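Which chain is which? They are A, B, C and D, in the order written, and residues in each are numbered from 1.
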Amino acid sequence: MIRAGIIGSTGYAGQELVRILLGHKDVEIKWYGSRSYIDQAYASVFQNMFQLVPDICKGEDLEQLCEEVDVVFTATPQGLCSSLVSENVLSKVKVIDLSADFRIKDVDTYEKWYGIKHQSPQFIKEAVYGLCEVNREKIKKARLIANPGCYPTCSFLSIYPLAKAGLIDMKSVIVDAKSGTSGAGRGAKVANLYCEVNESIKAYGVATHRHTPEIEEQLSYASGQEAVINFTPHLVPMNRGILVTAYANLVKDVTEEEIRKIYEDAYKEEQFVRFLNAGVCPETRWVEGSNYVDVNVKVDERTHRVIMMGAMDNLVKGAAGQAVQNMNLLFGLPETEGLLMPPVFP
Amino acid sequence: MIRAGIIGSTGYAGQELVRILLGHKDVEIKWYGSRSYIDQAYASVFQNMFQLVPDICKGEDLEQLCEEVDVVFTATPQGLCSSLVSENVLSKVKVIDLSADFRIKDVDTYEKWYGIKHQSPQFIKEAVYGLCEVNREKIKKARLIANPGCYPTCSFLSIYPLAKAGLIDMKSVIVDAKSGTSGAGRGAKVANLYCEVNESIKAYGVATHRHTPEIEEQLSYASGQEAVINFTPHLVPMNRGILVTAYANLVKDVTEEEIRKIYEDAYKEEQFVRFLNAGVCPETRWVEGSNYVDVNVKVDERTHRVIMMGAMDNLVKGAAGQAVQNMNLLFGLPETEGLLMPPVFP
Amino acid sequence: MIRAGIIGSTGYAGQELVRILLGHKDVEIKWYGSRSYIDQAYASVFQNMFQLVPDICKGEDLEQLCEEVDVVFTATPQGLCSSLVSENVLSKVKVIDLSADFRIKDVDTYEKWYGIKHQSPQFIKEAVYGLCEVNREKIKKARLIANPGCYPTCSFLSIYPLAKAGLIDMKSVIVDAKSGTSGAGRGAKVANLYCEVNESIKAYGVATHRHTPEIEEQLSYASGQEAVINFTPHLVPMNRGILVTAYANLVKDVTEEEIRKIYEDAYKEEQFVRFLNAGVCPETRWVEGSNYVDVNVKVDERTHRVIMMGAMDNLVKGAAGQAVQNMNLLFGLPETEGLLMPPVFP
Amino acid sequence: MIRAGIIGSTGYAGQELVRILLGHKDVEIKWYGSRSYIDQAYASVFQNMFQLVPDICKGEDLEQLCEEVDVVFTATPQGLCSSLVSENVLSKVKVIDLSADFRIKDVDTYEKWYGIKHQSPQFIKEAVYGLCEVNREKIKKARLIANPGCYPTCSFLSIYPLAKAGLIDMKSVIVDAKSGTSGAGRGAKVANLYCEVNESIKAYGVATHRHTPEIEEQLSYASGQEAVINFTPHLVPMNRGILVTAYANLVKDVTEEEIRKIYEDAYKEEQFVRFLNAGVCPETRWVEGSNYVDVNVKVDERTHRVIMMGAMDNLVKGAAGQAVQNMNLLFGLPETEGLLMPPVFP
C-alpha cells in the first residue's frame, strides 16, 4: 500500500483527492492536513465522508509528514509548497504539488504574474510538469511533480495537436475559457456566495490571469515557437467543469478531415482524452466526476481559423484526478488505476 | 460474470444503472434496451459513455432478452413490466422491476392510484418488495423484485425505527418530501424545461401522489397498524437528491436520547443507512452519486412531535443503486459490491 | 416627496428597498446607510445601480438621520433598531423596522428565542405589526412599524382564513417552509457559498427557528386560541422565493368548496393576495420580483386534514415590498403605489 | 392609448413584452396571439399574470388584427412575419418584427443562413433595423421594424465604437458569446430540459450560427469595411442574460485611455448603454430584468488586441425591451417610457 498525505485536504481539490483515493485499491491516506480545521473530524467538515473517513485533521508539517508517508499532495494556495519543500523532504517522499509553485520554469515570470517571491527556486529545474499525456516518461522518474493548472490542462490539450503539427499561428491563439465555481475555492468571500454567482456569468482577470504564462510556456514547448496568447476566464453558475473555446489562425490550407486525423493520431493511445465525433461539441456535463477530457475541433473556412474545444472536470482532470494519474506513474502503477469511474450524469 | 439486460436504459434511472454496472466487477451489460433510440449508439444518447459503451440500443423484447442474460432490469414507465413478464421469463432470469407494477400487494389499490389495469396480477404475491434493509432474506430467494420507489425508500427509512418501535401515531404521519428534477424523467415536457424549473419550487400531486399507498403499506407492515399519511412531494431546482421531512405525534413520553438509541440499534448493521450525529440535518449534497441514505431525528417537546429527516440520491439508493443492491443479494454477492463509491461533492 | 433613509441599505433586503423606491413616484431616498461600506459609492457595492444611484454610503446615525428624512427603514440584524430608536426619533420620523425587534409583544419570548436582551422594550407596545392585510387601520396611525418576517408573512397568509374561521385545530398546525438563499443574507460564510448551496436542499433550525413564536402569536390573534406549531424552514438552491406547505387537522366536516369560499371571502378585497384557482399549486417562479402572495388550499378527505400553500418573493412581500406597502399606509398614499410591477418570469 | 397586438405572446419574448407593456402607461394590449394556446386563458399559460391579464389567447390572423390595433409585435419563429405582412397591413399598423425576417438586407444571405425561402422580399428594403442607438432617426419614420437579434445587439454595442473609429481590423473580430437558456425558447425539447442544461456549459452552432451574418452586416456598416467574424454562442445554466467577450487586433498603437474616451463619447447620450468604470467587467446579474447594456473594454498590450465586453438581458434589451424602445420612437413617445425599471438583483 502506498501511504499518502494530503496538505490542504479541506479545500475542494483536497476533498476530491480524498474521494478518489478512497476508491484507489493501492493507496491508504495517512494524513489529512488542514490549516483551518486542525483537530476537527474530517467528516465534520465534509459530511459526505461520514463513516467513510474517521480521521481528525492534522496540521501542515511537511518535515514530520514525510516520515510517515510515501507521497505528499499539496493542495494549497500558491507559495506554501515552495516554502515547505526541502532536500530532506524530497529524499524521503514523492511530492505532487497542485499549486503553481513549480509549473513555470522562469522564476521571474512566476514572480511577476503571481506577485510573490519564490521560496525555493533551486527545485524548479528538477520539477516535472505533470501533464501525463506529454511528459509521461519524465514523470516516472521525478521526485517533485508540478501538477498542471485546471485551465492550462484543458486549454493545452485542446490546442496541443495543432500546435505540435505547426498548423496554427502561435501568436494568434485566443483562449476563451469558462469554469464552474469550485475553481474559486472554498474561502468565505461575498463574491462567491450563492446569490452572487447564481444566474450570472462574467469574465475576470482579463489579460492578467496567472494561468496565461503557464499555457504559453507549454504551447511554446509543443510548437517550438514562442506562443503569445489571450486568455480570458469566465465564472459560470455551476459547481464543476471547465470549457475551453480556443481560436487560432491556420497557417496553411488544410481540410477539417486532415485536422481530425492529426487529433486522432495525437490522442489514439490516450485513455483520458476523448476526441469526439465530427460535429459533436464538448459539454461539461458529459465529463463531470471523471478524469476525461473531451476534445473536438472545427475549421471555419470563411475566416481561415480553427476553433478548438475542450471540456473536463476542473476538480478531477484539472486537479485531483491528474494528481492521482501522476502518482500512478511515479509508483509504477497502471496509469488509470482508481481513475476509471464513468462521468456522473445528470 | 453475471450477464445483465436493461429495458429502459435511456431514461435517467436506466443510464444510472449503466454507470453503476460499468464499475461492478462481476457484471457485464449485454442488452441496452430502449423504446425511443433503437439502433442508435448508446453513447450518442449519453455522451458521457463515449468510448465506454460501444453498444447499440436494442428493443424491449423480454422473451428474447431472457435467453441472453441472467438478470433483467426494467427501468420503464408503470405498466410495461407487468405486461411483459411471464412464467417463462421468470423461469430463466431474475427480474428487477424499477417501476411500481409489483410494489403494492393489493391490486385494487394499485389500479385506483395508478389508473391502469394490472396486466399480470398473478405475480404480485410472489414479488418481493426490494427494500434490502427490511426484506434482505426474502430477496435472496426471489425471482421477481419490486424495486422500491424513490420517495418511499427515503420516507420509509426515515420513519421505520419509530414505526417499528410503536412510538408514533401511525395516523398522524405527515411526509413533506422534496426531489431534484431527474425524478421527473427525461421526457420532453414544457413543465420540465430548464427555465420552468430553475429558480422555483412547488408542491405537486398534493393528496393524490401515487407513492402514498406504497409508503402507507410499508409503514403498516413495520408498525403492525394501519398507517394513513399525508404525503406531499415538491420539485426542487437541482438534478439529484430527495429530502424527506416527516412529522408524527409521539404516543408516549420519550427523550431524544431514547429515540436516538432506537435509530442506532435499527441501523447499526446497515452499510447504506447513516444515522447522523445529534443536531446534524441531512442534506442531499452529502449523498449525491452514492447509495447512502442519511437519516436523523429531532424531538420537539413543545409540540410532542418528532421530526424525522432523510436524504438520499433519488437515482442511486432511490433507483439504480438499490436495484444493484438487490441484484447482489439475488446472486449471492456481497451486498455492497459495486456500490461503495463515496458521495461526489460539490 | 417623502424623504426616505435606509439603515442597512447594502444587504439584500436593503438593496431591494432601493430598487422598489427608485420606481416609487412619491419617494426620494436621501440616505443610504451601511455599516460595511461607509464612504463607498452605493453603485460600487451593487453594480445594477450604476448610473441610477450616484450616492455614497453613510453610517447608521439614526438621530442625525431623522433630521433629514420623513421615514426610516431599518433593514439590519436583530437588536440594532431597538438600540437606536428613541422618543426623539419617533417624534420626528416614521420608523419601519424590517428586523424582528418589535414583532413579538412578549419581551421574554423575544429574548428567549433570539438570545439577546431587548434594548427598548418601552416601544414594543405601541409598535404595530405591519401585516397590512390584517392591521391596515392600525398601521395608518402608527409611528413604529414592525415589518413582519418573511416566513411569518407567507405562513400566516396561507393559514389565516381557516384560523379565523375556527375550522382547524390550532395545536395541529405544521408549517414546512422552503426559502431561496437570499434569505440567508449577504454575509460571507462558507455555508452560503455557491458550491455549498447549489444542488442541495436541507432543513435547518428544526424546532428552534426564531420565526416560530412570531407565527404562533399572529395565528393566536387570528384564531382566538393558543396556536402551538411545528415550523421547519429549508434552504433551496434559488435566489428568491418562499414556499409554505402547511398542514392542519380539520375540526369539523367541511368540503373543499366551503373552504374555498372562506379563502375567497378573506382575500377578495386584497390586491396582493391571489387566491388561485382550484387545483393550481403556488410556485415561487410566478411571484418573483413582485409583491404578490399566491395562496391555495386542498382538503384531504382520507386524513381529515387540510393542506394550505403559499408562495411569495421573500425580498418583496417578505421584506422590502411589504415595508413600502406599510409606508404607503403611513403616509396616506394608495396602498399599491410603486408596488404593481408584475412578476418577472423566467 | 396605443393599442397593441402581440403575435407569439406565449413564448418567452412574447411574455416579456406583456410584462413590460403592462407597466407602460401609454399602451393597452388588445390581442394576445398564440399558435399553441388558442382559446386558453393567457394567465393559465403564465400564472405570473393571474389577475393581471384576464384575456384569452387568440390566433395569429394579422389581417384581422391590424383592424383593431395600432402596433403589432411579432414574436414568432423565422418565416412567420414575412409570410403574413402585406401592403394592407403596413398601411394600417406599425409592425415590429422580433424575428430575423427583415434584419438582413441581402435576401440570398438570409436564405442561405436560415435555410428558408423569404416570403416577402419586397419589404426588406424599407424595413429599418431597429437598433435605436444607431438608427434612431430612421426608426421614427418607419412602418416596419426589424428588431435586432439578442446576440447581435450585445455583440454590436460592445464593438461599435471601435469599429466606427476604425481602430480594429474588421477581419480579426472574434465574438465569444454566452447566453441564458430562455434564448432557446419554450419548445419542449430534451436538450432544453432542466437536467440537461443544469450544471453544464457548451458551445453550439460553431461557425454556423445564424446571427453571424447579422453581426457582420451591422459591423460592416459601422466600420465602412467588410467585417468577417467568428461568432461562437454558448449555452449557460441560467434563465436570462447574454455576455459577449469579443477580441480584435488593434490596427494602430492606442492607449486604454484613448479607447475609453472613444466609448465614452459614443455612449454618453445613451440612456440604456452603460459604459462601466475602468477595470469593472460586465456581469449579466447586474442588468437582469432591465433594458440596460453594460459595456467595457480592455487593451492587452502583450498581444496588441482589445477585449470588448458586453452584458444585457436577452429578453429585454435583446428582445422585448428593445421592441418597446422602437415602439416609443415610432409613436413619438420618450424613448425610455416604460423601460426604466432598475435591474433586479439577486
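The rule we apply is simple: a residue touches a chain if its C-beta (ideal position, glycine included) is under 8 Å from a C-beta of that chain, and two chains touch if they have at least 3 such contacts.
Bear in mind the structure is a predicted one, so any value in this text is a computation, not a measurement.
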Selected pair, greater C-beta contact count between A-B and A-C: A-B
I'd like the Å distance between the centres of chain A and chain D, where a centre is the mean of that chain's Cα atoms. 38
Using the average of all C-alpha atoms in each chain as its centre, how far is it in Å between chain A and chain C? 46
State, to the nearest whole Å, the distance from the C-alpha centre of chain A to the C-alpha centre of chain B. 36
On chain A, where are the residues touching two or more other chains? 12, 182, 195-196, 198-199, 237-240, 283, 285-286, 288, 346
How are the chains arranged in terms of who touches whom: line, ring, star, complete or other? complete
List of chain C residues in touch with chain D within their complex: 12, 15, 18-19, 22-23, 46-52, 182, 199, 239-240, 274, 276, 280, 283, 285-290, 294, 340-346
Contact residues on chain B for chain C in the complex? 171, 174, 176, 178, 180, 195-196, 198-204, 206-207, 228-230, 232, 234, 236-241, 243, 245, 247, 281-286, 288, 298-300, 302-303, 305, 307, 309, 311, 346
Which residues of chain C touch chain A in the complex? 12, 181-182, 186, 188-190, 192-199, 237-239
